[in-house]
Amino acid sequence: MDIWEKLNTIDRRWIYLLMFLSILFPTIFVMKFPIELTPEAEQLYNAVEELPDSSVVMLTFDYYASALAETEPMSIAALRHMWRKDMKIITLSNIPLGGPTIAERVTREIAKEFDKVYGVDFVNLGYKANYVAVMHGLASSIESIFPTDYTGTPLSELPLMEHVKSYDDMKFIYCVADNATVDYWISIVNAQYDIPVGSGVTAVMAPKMYSFLEAGQLTGLLGGMKGAAEYEKMVGALGTATIGMDAQSMAHLLIIFLVIVGNVGFFMNRRKAKDAKE
Amino acid sequence: MRKDIDIFSIVKKLQAIRTLPVILLTITMSLILNSQAFAQDFGDSVFILPRMTVLILLLVFSSAVLLYTKWAKAGKKLFIRKIAGVDAVEDAVGRATEMGKPVLFIPGIADVEDIETIAGIAILGRVARVTAQYETPLLVPVRYPMVLAASQEVVEGAYAEMGKADSYDKDTVRYVAGEQFAFTATVNGMMMRERPAANIYMGGFFAESLLLAETGNAAGAIQIAGTARPEQLPFFVAACDFTLMGEELYAASSYLSKEPLLLGGLKGQDFVKVLIIIAILIGTLLVTFDIGDWYTNLFDVP
Amino acid sequence: MRTTIPIIVAFLAGTLLIVSFFFHPETIWIGDAKEVILQWMTIVGGFALVLGVVSIVRVNARAVQRKSEGWFYKLMTVISVFAMAIPAMMPVTKESVGGSIFYSIFPDSWMGYLGTGSNSFYDWLFNYVDAPMMETMFAMLAFYIASAAYRAFRARNAEATLLLFTATLVMLWRVPMGEAFLRLFSDNLPGYINTYVMGGFNVAVQRGIIIGAALGAASMSLRIILGIERTYMGK
């Protein structure tokens, strides 16, 4: 068996090892290539920036713990951006496992940086099953869907919720998601209740979101860790997404390298087979 | 042989009991008339008028599907293009039978309210008929209890219909885990331990699509996938032997059944697609010449 | 009857959901019917969870009983199901449902560890066991993508070559190192990829699939509502 045949039948564990090394290398030797901004990320940043100070916004944590590396930096950067403008933030999650817990941890952590008080500057509504019903229900009354917040405190006892009763009292929905709930925020909440929706999604989901973006149904988009790194850059608070960019760069380059090697092997084998036939 | 029961035949039967529709109609009308809305202005306060465009489109769509179904019922020949992935299902089950290995079927990982899951379960019914016929072991891991109940019903029904009720094992369909990656890990383990000869993925899939398909590929199974989620299609295309894309998933159960009644629905759908393409082309032309505002407003539904 | 009644139920539920879309929920009951049906669905789903627990326990308990291969892991699965569920379902305070009886038996110091709040047992298991495991599984995608791309991405014909070339451009564009490389050719190249590949070809394909799938879903729904498609009922 010559080298080209071996290339075609290579044990996939060698590829796994190469991938492991390509991710490990940049975490030890930092390279820091400049992060360029995409128009869709700038659009999302500008949409939040243009809102009046102290506006009420909703930030969703529609993601499982599995996608934390891509989505949590988006939530953190968004919180920093919003609180720099002294906005009032309502968080919720349509994901039972992870979302509400992550929202609780992340918001309280970032709140300390800005001296924000729970109940006055932010409220975590937690999770309620059946996201379609939740999204429709919030349009008429938040309290009917969430009588209490995540910790069990009645909404009537939270000062922020005295003025926030439905979508009508909010200026923007910033949806960070790793699943299809974002489609419903767009097709139900944006389309039927006319409130602007911006979103940060995993890299795999981003191509689909471009159709909503082009149609004007989505106000700005962050795609995967790169999108999160862009937002971190615009907010001016570099975080884990920016650090992760080197590893992601190396991983992409490795895949391109593997594709090239695989194709060279494919063509050499094809030529050999053709020669043997002749 | 399938008994020809649908809502029309049921209504026909009900017409014999003349009082029942009258009672139903009376109750419905009295509820509507007793509502506050009728005491106020009828019209905009009751109907969401801007949504009427949807109603018109819905009526056109329904009429097309019903018309083609009627023609199919009347015996008109309808051409349906070949779907390679669906044709491969029977071959895959046959291969598993020859090898004496099980067939793994996953009806997606979405809940039962997702139409993709229903499509997956419908295909499961067809696959279960074939596995029952050849007495090939079938494994159906599911992520949601409602999907468990529905899938169990379907598989049990398929075995009974093939006269193999005794071969049906209650644990053919099993609830594995509610958490996405716990489900994936369990199914991957199942693939490596039990080495199914055919893996069929039909329904809504998310980030686990490639994890499942790559493991199945490593285990040497023939793989057929189908999903309506565009973001997961590249992964299935890369790792599976056949992939049903988007609407092919919904067409698969009708296609497998080869019943004219179900195939009629597919033709109706195609007819509406042609109408949509025409509507898009008209819209593109009008907007290009800057005279399309009225036209786009027609489709701006709140 | 086993076929007729489910078809009638499916017809009524489906029609009601469609009709309710066209009515104001504030002024007429039919407009609100959708909400009510969705709530029923949640309740039914809650009961169905019992079926899931029974299934998972039965399948795994049988393997443990027979001491079949890997029985220890199956035992761990059953223990894990209850270890996550039971403390999360227990009353958090004396005012919670059943709280007064529960805390007359068990010490008050347990309060902080029950339920799903911060520092509860559930929260601890989630943050330190479940979340890292989920992240690990998701991270494995990087390895699987590399091996799938190596094996499947072949320039077999003109279309596959075009796909290969476009995918390489997008992969380069999505990371800073690749973007810096693309800028060596032209400063506008990343912008062109975004505009023409992502905003153009990608959107066209995505819309095509989405419209097709939506029509397929609608057609399937109609077939189910009218009782033409009954395979999902096992008929």
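A few points about this structure:
Think of it as A, B and C in the order they're written, each chain with its own count starting at 1.
In this section, a residue touches a chain if its C-beta (ideal position, glycine included) is under 8 Å from a C-beta of that chain, and two chains touch if they have at least 3 such contacts.
Small disclaimer: the values here were computed from a predicted structure and weren't measured.
In this structure, the chain pairs A-B and B-C differ in their number of contacting C-beta pairs, and the larger number is found at B-C.
Every chain gets a centre from its CA atoms, and the centre nearest the mean of all protein CA atoms is that of C. Chain centres were defined as the mean of their Cα atoms; on that basis the chain farthest from chain A turns out to be B. We define each chain's centre as the mean of its Cα atoms; on that basis chain B and chain C are separated by 17 Å. Between chain A and chain B, the centres computed from C-alpha atoms are 30 Å apart. Shared interface positions of chain A, defined as residues touching 2 or more other chains, are 12, 64, 66-67, 97, 207-208.
Listed for chain C are residues 41, 45, 130, 134, 137-138, 145, 147, 149, 151, 153, 206, 210, each touching two or more other chains. Each of residues 178-181, 207, 230 in chain B touches at least two other chains.
Taken together, the chain B residues at the contact with chain C in this complex read 2-3, 5-8, 10, 31-32, 35-37, 40, 45-48, 51-52, 54-55, 58, 61-62, 65-66, 69, 111, 113, 115-116, 118-119, 121-123, 125-126, 144-146, 148-150, 153-158, 171, 174-182, 184-185, 193, 207, 210-211, 213-214, 217, 228, 230, 233, 235, 237-239, 245-251, 253-254, 257, 261-262, 265-266, 268-269, 272-273, 276.
Interface residues of chain A, counted against chain C in their complex, comprise 10, 12, 15-16, 18-20, 23, 31, 33-36, 38-39, 64-69, 97-98, 101, 104-105, 129-130, 132-133, 136-137, 140, 151-152, 203, 207-208, 210-211, 213-214, 223-224, 226, 229, 245-246, 248-256, 258-259, 261-263, 266-267.
If you check the complex, the residues on chain B that touch chain A are 178-181, 206-207, 218, 229-232, 301-302. Residues 3-4, 7-8, 11, 18, 21-24, 27-31, 41, 44-45, 48-53, 55-56, 58-59, 62, 69-70, 130, 133-134, 137-138, 140-141, 144-145, 147-149, 151-153, 205-206, 209-213, 215-235 of chain C touch chain B in their complex.
Across the interface of their complex, chain B is touched by residues 12, 64, 66-67, 97, 178-180, 191-192, 194, 202, 204-205, 207-208 of chain A.
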